[in-house]
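Next up: some structures, all given as structure tokens.
One chain, chain A, links the two complexes that follow: it is found with chain B in the first and with chain C in the second.
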Partner chain A sequence: MAHAAELGRRELRRPLWSVRPAVLLLLPAGLFLVVFFLVPYLNMVRMSFLTKAQGAAFTNVMTLENYLRVLGDAFYWRVIGRTFWLAGLATVFTVLLGYPLAYAIARASGPRRPILLMLLLAPLLVGAVVRSYGWMILLGRVGLINQMLRALGWREAELMYNTLGVLIGLVHVYLPFMVLAVAGALEQIQADVELAARSLGASPWRTFWRVTWPLSLPGVFSGGILVFVLALSAYVIPILLGGNNVLVMPMLVVQMLLDAFNWPLGSAMAMVLFGLACAVLWAYVKVMNRALRWIPR
Partner chain B sequence: MASIQLEGVTKRFGRVVAVQGLTLHVREGELLTLLGPSGCGKTTTLRLVAGFVTPEEGRICFGTRDVTHLPPEHRNVGIVFQNYALFPHMTVAQNVAFGLEVRGIATSQVRSRVSEILERVQLRGLEDRYPHQLSGGQQQRVALARALVINPQVLLLDEPLANLDAKLREEMRFYIRDLQREFGITTIYVTHDQAEAMVLADRIALLRDGVLQQVAPPEEIYRRPQSRWVADFVGLCNFLPGRVLGREDGLLVVDTPAGVVRCSGAVEANRVLVCVRPESLRPHLGGRNRIVGVVRERTFLGNLLDLRVACPAGLMLRVQLSPSEDARPGEPLQLEFRPEDAWAVAEDS
Partner chain C sequence: MNANLRQLGFLGVVVALYVFLLAPIAIVVIAAFNAGEYLRFPPEGLSLRWFGRFLGSEPFVRAFWFSLKLASMVTVLSTLLGGAAAFYVVRHAGRSRDLLQLFFVAPLQLPAILTGIALLIFFYSLGLGTRGMAGLLIGHTVVSIPYVFLMVGAVLLRFDRTLEEAARSLGASAWTSFRRVTLPLIRGGVISGALFAFITSFDQFPVSLLLVSVGNTTLPIQLFDYLRFSFDPTAAAASTVSVAMSVAVVWLIDRLVGLEQVTWGGPR
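Our next item is the complex of A and B:
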């Protein structure tokens, strides 16, 4: 008793700086984010309201004109639409291709599991640029696939510098993120729950659709957010595999900042993309929470 | 309703034999507990009956129907798992309705049968809760309702009370017993808890290393164990090694280091172990089986006194007396037991 009281007293008399070690642990990463992310970002927000100047990046005159230009131009809206459409398609296809793979990984036993995981993650060691060039070698007009098609006497296929090429690149690069998220969710499912469904009269397929699939949705949804956001902000892949035929917002932003040297307008475009992305994600999370209301919170 | 027959069933996992040559008949409407230490093959046996695994050898029949190679969804078996295995994404009502829905039963009928069974297990009013919003005991009853609502031929329970606290476990034992009797359903109940097996079972099947040791009603298992292992596994037991001198009035006369004793038994062997339960040893019975020893240790257990008594030839006996028959460490103690309370098993059993 006396011992416990002594311990309690000691806890109360701890020096202030030792009260919350968790805060200290967050500090390095927090500082890094503030200096290299938050400050530049806030600066960009400010810049998007400034005026373009001759011979300088901007002058300190506040205006809404940048936003009016972006939002009032049908061209930008078409590009925004295409950007979201491509990100959405990439998300859908990573689910379609990734789910079976995730299932195989989650259900693999023995040495097969680490091998499958290694094969999945190995491409991440190679950057998106290199992988996009790799796809160019495969998909290009004189690429491997078209050479084979020609050799077989078939018509050449347009695989690159169009939506298809960009989509292939996006799906390929972001697939591992989806697979990891879904495999994680699948591994959370108790084997007995599926067996219970079988014993209650459900066939293997029925068990999958009524039990396994709904229980894996948390993984599909979180993988979906990840892939969608990554695909929305993709720059290298669209520029290499889409060329100038598939314009997306990140490409326009970079052009505006670096080529047109119009920092205020480029910033405003980035902000519009960011705002719309937030709106879409908000709606997405709403839908997700409805579908996953069975999860304890 | 159907009987369950396992005929020479063997199941291996790689090189490990989980169940070996198991022949077991569960009678129609009977509750049989599979009892044994962990890893003895009892859960594997249950999974064989459920159809989650198929045996390498042998046959499994429900009544006259061979189900050995039938997938689980065609066996019409109700199962309650140790962790309940409720569908976390479905409400109580949806969980219970699942088995009826996959059978293609009309919605209106599903609804009435679900509410009927929920009434039976006292869960009315919780239809729209999700499993995580229920207590352990409530989850347990949802699992029972879900298994019973499909009118299964056979009910399988895999340590269903293991995750409940002691008090609730005690209650649920009787609850499950009553429910099983009410439905009159053939049931296999897996447990490693012998008290649970004693309370629940019509008969107990004891498994050890995948091999069946004895199948008998609880009282017979306790009083007439077939081997040293059975006597040792179920309850506490003293073993007096000895040599059979002869038979007299249907009793065995055995020469033990503690003296010549008379006991019952059905062994052919000459070298035997006389099994005497701690509560069968009493200070004064006026019988002929008498052992004299010295109390070494005394533990007060409330309703019992637990003694260790040192006897001739290094024999240490475990004795449980009522607290009114007190004995102190260091005191000599004369113990007696009735021949019908002692049971001889072969020494090498």
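Our next item is the complex of A and C:
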């Protein structure tokens, strides 16, 4: 190592301005993200404090008006509540459905494993629009499920253009993220630990609840954060599977920006959603850290 | 009997979950090859007419080529930028390493729709607007860089640097040792990073939604607009094309690198 560093140094013709050439590797991406990621975000924060002008998108007059309008309006609070409620439900269901899948993948051996993984990753790489469309074909009024119900002589069910449809779509689209996170945690658990519990007389059920489940909790928590944030900002799924019946915050924000051209208010709405999300996640991490402390290591 | 029954039950649950994951995608593909106006059970026979409709629809075809061109450019740009940054952060960053890592992964942590909104406002604030392809290229690259960064970073962390030292001490120049030793060894991470960047761009929705403009529409946006007003299987044919792209990418990654490398690819 030291030898290589020596070699590197000898070859380096030091320029007058003493910038290490390695920094040149960092600069392009660094500058790119500063200009097109960091600055736009800061600009959006600034925009949320500006005033909408007549005939122009905004004027440089600072105000808190936008925030007061969002936070003082019961309508927005209802939409915010629904957005968080849906994201929370989606998170819970992805844990319930994702855990068995993750377990199967983490415990699979031989040639089965890559197949299980590929089948999990493939949907992840298909866009949310296509997947929502698949659900539209299945859940719609003349969809396959309703056709089946009618063939059985049952009543048609309202499966789409309501909360249920949106929830199904959210769980479907974000399930693989949860599975990957949980499977990663399950992989870390050594088989000996479970074997030890079994050999000491614990039933499989007890072994799972007292050993495997607590040890996999970090994966469940990190998967939960990921799914919750993704579900909060979902846009395609609520529109396609909820019609206009399930209004969530991202839909309102986009409407405000693209249809009403009210950037200050739209930015403020985005910031409120983002700020509340951070607050919820902060509380979540606090609680979970306390919970994790009880796990024997 | 008890243990067997339990295992059988578990197997049933896993199969059911995979059906849940894959059914909607399979249904889209089936609908695309189905002859009827909408999918009925039993299907009404095989037909390529919806693919014909897709190929005959100018907006869809134009959106497809546009997406392909855009995704290719995004792949090149984000692979170069993200790969170089990963090199610096893994090998040269000192105390700033954690901070830099956080920074380069940040576009992945923040909701893409928020990034799209921020960029839209930013471009208009500068008076540039979102005409043309540049806005989309920039936006997609921002959200693709983290994938390349993570995947190249992961292989670099596991890289045995004595191999480079050996090459250098045998007289290879820095460039030769990079080209002949380093690059072949980190190829896996670079390829999977690039392919992820490609599919991130090709399937991108939230960022595109805010940055598309008239005449510059991507396939997912075109599909979305179509689905809001019409249900017919032309959309299924378009979706099938996009599903085929994704399957090809997964297959390519598996053949070239192995999926295992990708999934748990994060720094160990």
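Here is the rule we go by: the second predicted complex is superposed on the first by the 261 of 297 C-alpha atoms of A that agree within 3 Å, B and C clash if a C-alpha of one lies under 4 Å from a C-alpha of the other, contacts with A are read in each partner's own complex, and residues count from 1 in each chain.
By definition in this document, a residue touches a chain if its C-beta (ideal position, glycine included) is under 8 Å from a C-beta of that chain, and two chains touch if they have at least 3 such contacts.
Keep in mind that what you see is a predicted model, and the values were worked out from it rather than measured.
> With the two complexes superposed on chain A, say which partner A:Ala90 touches: chain B (first), chain C (second), both, or neither.
The answer is neither, since A:Ala90 touches no partner chain.
> For A:Ser203, select first, second, both or neither according to whether it touches chain B, chain C, the two together, or no partner.
In the superposition, A:Ser203 contacts chain B only.
> Output check: A:Pro28 vs chain B and chain C. Expected answer is one of first, second, both, neither. What do you get?
A:Pro28 contacts chain C only, not chain B.
> With the two complexes superposed on chain A, say which partner A:Met249 touches: chain B (first), chain C (second), both, or neither.
In the superposed model, A:Met249 contacts neither chain B nor chain C.
> What's your read, chain B or chain C touching more residues of chain A?
Counting contacted residues of chain A, the larger count belongs to C.
> Which of the two partners, first being chain B and second being chain C, lies in contact with A:Gln190: first, second, both, or neither?
In the superposition, A:Gln190 contacts chain B only.
> Between chain B (first) and chain C (second), which does A:Pro214 come into contact with in this model arrangement: first, second, both, or neither?
first
> Could you please specify the touching residues of chain C with respect to chain A in the complex?
Interface residues on chain C, with respect to chain A: 3, 6, 10, 13-14, 17-18, 20-28, 31, 38-41, 80-82, 84-85, 87-89, 91-93, 100, 103-104, 106-107, 109-115, 117-122, 124-125, 138-139, 141-142, 145, 149, 161, 164-165, 168-169, 174, 199, 203-206, 209-210, 220, 223-224, 227-228, 231, 235-236, 239, 242-243, 246-247, 249-250, 254, 258-260, 262-264, 266.
> Which residues of chain A touch chain B in their complex?
For this pair, the touching residues of chain A are 190, 192-193, 195-203, 206, 210-211, 214-215, 294-296.
> State the interface residues of chain B toward chain A in the complex, per the touch definition above.
Residue list for chain B touching chain A: 50-52, 71-79, 81, 83, 85-90, 98-99, 102-103, 130, 132-133, 146-147, 150.
> Note which residues of chain A are touching chain C in the complex, please.
Against chain C, chain A makes touches at 1, 3-4, 7-8, 11, 20, 22-23, 25-26, 28-30, 32-33, 36-37, 39-41, 43-44, 47, 57, 97, 100-101, 104, 114, 117-123, 125-138, 140, 142, 144, 147-148, 151, 172, 175-176, 180, 184, 187, 204, 229-230, 232-233, 235-236, 239-240, 250, 253-254, 257-258, 263, 266-267, 270, 274.
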